[in-house]
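Labels run A, B, C and D following the written order; every chain starts at residue 1.
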Amino acid sequence: MVVILKENPDPKQLENLTRWLKSQDLVIHSSNGIHQTVLGLVGDTSRIDIDLIKALDIVEDVVRIQDPFKSANRKFHPLDTVVEVGPARIGGGNFALIAGPCSIESEEQICSIAEAVKKSGAAILRGGVFKPRTSPYAFQGLRAEGIKLLLEAKKATGLPVVTEIMDISQLDLFGEIDMIQVGARNMQNFELLKQLGKSDKPVLLKRGFASTIKELLMSAEYILAGGNHRVILCERGIRTFETATRNTLDLAAVPVLHNLSHLPVVVDPSHATGVAKLVEPMTMAAVAAGCDGVMIEVHNDPAHALCDGPQSILPENFDAIARRSLILREALKK
Amino acid sequence: MVVILKENPDPKQLENLTRWLKSQDLVIHSSNGIHQTVLGLVGDTSRIDIDLIKALDIVEDVVRIQDPFKSANRKFHPLDTVVEVGPARIGGGNFALIAGPCSIESEEQICSIAEAVKKSGAAILRGGVFKPRTSPYAFQGLRAEGIKLLLEAKKATGLPVVTEIMDISQLDLFGEIDMIQVGARNMQNFELLKQLGKSDKPVLLKRGFASTIKELLMSAEYILAGGNHRVILCERGIRTFETATRNTLDLAAVPVLHNLSHLPVVVDPSHATGVAKLVEPMTMAAVAAGCDGVMIEVHNDPAHALCDGPQSILPENFDAIARRSLILREALKK
Amino acid sequence: MVVILKENPDPKQLENLTRWLKSQDLVIHSSNGIHQTVLGLVGDTSRIDIDLIKALDIVEDVVRIQDPFKSANRKFHPLDTVVEVGPARIGGGNFALIAGPCSIESEEQICSIAEAVKKSGAAILRGGVFKPRTSPYAFQGLRAEGIKLLLEAKKATGLPVVTEIMDISQLDLFGEIDMIQVGARNMQNFELLKQLGKSDKPVLLKRGFASTIKELLMSAEYILAGGNHRVILCERGIRTFETATRNTLDLAAVPVLHNLSHLPVVVDPSHATGVAKLVEPMTMAAVAAGCDGVMIEVHNDPAHALCDGPQSILPENFDAIARRSLILREALKK
Amino acid sequence: MVVILKENPDPKQLENLTRWLKSQDLVIHSSNGIHQTVLGLVGDTSRIDIDLIKALDIVEDVVRIQDPFKSANRKFHPLDTVVEVGPARIGGGNFALIAGPCSIESEEQICSIAEAVKKSGAAILRGGVFKPRTSPYAFQGLRAEGIKLLLEAKKATGLPVVTEIMDISQLDLFGEIDMIQVGARNMQNFELLKQLGKSDKPVLLKRGFASTIKELLMSAEYILAGGNHRVILCERGIRTFETATRNTLDLAAVPVLHNLSHLPVVVDPSHATGVAKLVEPMTMAAVAAGCDGVMIEVHNDPAHALCDGPQSILPENFDAIARRSLILREALKK
């Protein structure tokens, strides 16, 4: 970390800063130019709040030389992490399609979709049971009952399953679930992340819709720091001024995350766009951007889905998307 | 709710939509213009997902006539809600200053600040014990120990106290805390909101940094719908492209919230700006915009605060701000 | 256009609104439901300011049934527009690579790059001569002299050329330029757009970095309404809170624009990301999203470019990108 | 300017960078820490494109010690600039209300409003004649005819007048106009700014709705660098995800601009919010935040205004706002 001081810093404040930095077990290398003094800090700066120092009167700016995420950092772990979810593998050249309905509604619904997406090549089945809904009066998901139905579909198809957790107290219900999803609204639910750091299950961590790429990596770091190294990152759109799509899918996040981190990156074009006919082109674009997987909402009858129906696609649409994804991935190898 | 159909809607899809709407216990009044058909829906539309219908092929747009927040809605509760926090009152013409350190560090620290801000006119003492930190390696707060220290300061000064909860599991520790704060990152932690709806304590609900004003009201609705009507809303800045301040303080939210809702509105200029010297002008602006209270970070030595120090102000600065707020409020009555 | 009134609208205000709407040559079809009245407006509503009506006390909401862009609208022009730029064709299945340096610096520079990108398959040569720079002290481009050098390169290679105009007064210099670029900062320079509407040259219209997709189409409409139908739209990233890339490339804009309009859509990954190593993956993603062309900055020595160097790529990088784009486009046809 | 290099920079690239920096007439002071090398640059760095250097492979980050705006910088001009607009004065403790209709429609309209706002204490009359409209089919203003009407109102009341310019070619019509307004969409119309730098008239420069505070100052610098020092900055809201108001009024920009620059700062609550009933509270908030003036749209009959009507207020509303602004300003002096 490098601290650049303003011209002619107040000596009393500089002494305060220096003393505080030393109390944080940092060694200070000061270099004095004609117009500015620069403090180079050596030691473990990951605990240091950069904003704190930046806001001091005598400080012009602070620059991190090392990103504060250590376990997620590609610098220290150059090889791609491969996450196994049941028999499926994601990352390090392994690509997986994750598919299923937004909400699980009935055994018949989840099982028929599971069969269909498996046939089309999906490697993992998704289905929501705890639903984060803006309105308290909206359908909140089948909850424990939904978990049971999802596990029925797992048994029937052999597909590993992923579903979203909304609170630590629900963790007991996830015993046979293969991967735990943390939704965008919970990306900075740090108590939940700490608990998942103690779990041995893969975690699918969605980017908050107003979180930066580095904040996503810091949230992953919470899980990794707890000892759980099976984290998959998910880009699902960020909130901007544009209203033509529900969110703005930030596909540059895919190569940026791959540059910064060794963790696999998955893209969710369904929630990002909120528009069914954009799912196919955005899946193609995500694959071309180099992602390790795509998560797509598939429903057997979008018009009747209890939630998020319009962004869902039918099994036959999914089949075409899966087929074209494969062709694209082959072409990209050339 | 009004559904505007596209020209020449597919009859099969229209029939599907109509059937589904009726299954939601809604009565449909159809009116046919030359170029468009409009469906007026009568009944309880608060459970209806507007995005679902909007995304159908045959639908041009959907307009809610009634906002989906009922309990928070001024239309149905024209009188201002006054929330009592110990002896303090907020809303309905009652204004309160909430002050204290970002993080509680020691008994001496919290007690000396408490004495100082009480003398300057603060009505409620704040102090963080569970700290939502971006980095897992940063100081996470004194937690249970901090609660004890905060209660010491309460006993010593008689000031009611507010502190942030980060997870349902911490709720047991809040028995003697006078008001529970829900931080920006947890504004859509719906499971937490549901629990707080069963509590009898006032809740200070901060706006998420990427949440709209209506989403804030929907989150308040979660608490109100559970039976707890003691909710105070807090504007604390939203995330934008501007980097001169940590967030962009959206002061228009104050009169907008007052127009839409009967709940009191408090402003946090410390976190919104992240810059100590902006706290005074933004406090003045917040008071002039008509807010019911201001929450300010006060520290006895900003340079040594363990977190968020640079945005804190010293007790003597707070004293000046408190005095000027009072003068301003008097002037605004003219 | 449909105007939805609030419950029990003030009769005097309703009469005012009705009179004003009639004065705009609109026919009003009123339909009265139990809880709301809806006014259907028939006639040319493209001149109506929707915000004006929306803000009236008696109005709940206003919904446009028809987008206010008529000439750019696919509804009225279902076939793809193909724009010819010299021998190059863009749109309607025709794909073109546009390449060249950010700024033209010397005859040798522009000619050598032109030769190189032509060999790799670029169909159009780009090169900046009027440079919109944030700082008045930064290099402002070679201006008239740069136009001459660009035309030398055109003569030497036979490639059609495109460069940015910054003010109407520069138009005389564009006589032999094949396509006129309107930069993001000028997307709503309406006087300039009107002048270009009278031109017979193709216009490459870049999306403003804080403009919505519909605003881009409204700006295109200014040119089309003037009689010039040779407009190419360009997505080049929007401004968001994310700082890992210079802007956030909104690739969903490609299919959204194709759905709304018949005009060709080109993507600029160089300016969107501002990072050289992201140009290739974002070019691939743009092609997969279905764009009609990609505009890439190519420099013979990025480290020495006078401006925007770090986002430029070398001719050999461009050659690889061009080759892979072709493979991708072939794969997408399957 | 300080350039912080990555660990173990490539020697060849470092040599390239060093040579280029020297070619820019900069002296380099290199300081080598254990883990990083820092280059301190001495000389005129205002011409240097910081993004260019930041994007080099060997560079970790670049920090400007001095802001690139020199003439607008308070560091070099500590005293407040006072701008005279006819008999009115803005800045350095002088406060002015600017009021008038969005669009000038008729002599009767502009003159009656002028009389009214003068009586209420407005110091400057505003009125739009060239209107930047999103749609080419919307009313584009009375243009030259409108200028004449505005000057009639000036003659009748003695109030100095301000109106917006949209293109350099219109400049000749501004001979008797007292202050030239540059709209948000033209804040980075650099050719226009250069021309205004050669003018001797005051310029009211509005912040672009997606421009940072520092970009606003860079645009002011274009005018100042040309020799025209009579620049007034105007905060008018920025584009965010929030839709309850047309834009998000960034009131922290007022003290931030006052800290960075000596130029006066005016606030436009009418365009920022787009909602008439928010104009009064936001005017009060702007005054409390310390602005040097407020610009308010006033119409004699909002419901019939040709544009922007709903955000206008009537003369009697303006009178109350003017009176309360005065009371507030007096209270703030205490």
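The rule is simple: a residue touches a chain if its C-beta (ideal position, glycine included) is under 8 Å from a C-beta of that chain, and two chains touch if they have at least 3 such contacts.
All values reported here derive from a predicted model rather than from experimental measurement.
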Relative to chain B, chain with the most remote C-alpha centre: C
Chain pair among A-C, C-D or A-D whose interface repeats that of A-B, sharing over half of the contact pairs by residue number: C-D
Between B-C and B-D, the pair with more C-beta contacts: B-D
Distance between the centres, which are taken as Cα means, of chain C and chain B, whole angstrom: 39
Whole-Å gap between the CA centroids of chain C and chain D: 26
Between chain B and chain D, centroid-to-centroid distance (C-alpha), Å: 31
Per-residue multi-chain contacts in chain D, two or more chains: 210, 239-241, 243
Complex contacts: residues of chain A adjacent to chain B: 13, 16-17, 20, 44, 46-47, 49, 51-56, 68, 132-140, 166-170, 185-186, 188-194, 208-210, 215, 218, 221-222, 225-226, 239, 246, 274-276, 303-305, 307-311
Contact set on chain C toward chain B in their complex: 2, 4, 6-7, 29, 31, 33-36, 38, 40, 42, 60-61, 63, 65, 239-241, 243
In the complex, chain D residues that touch chain B: 210, 212-214, 238, 240-245, 248-256, 259, 272-273, 277-278, 281-282, 284-290, 324, 327-328, 330-332, 334
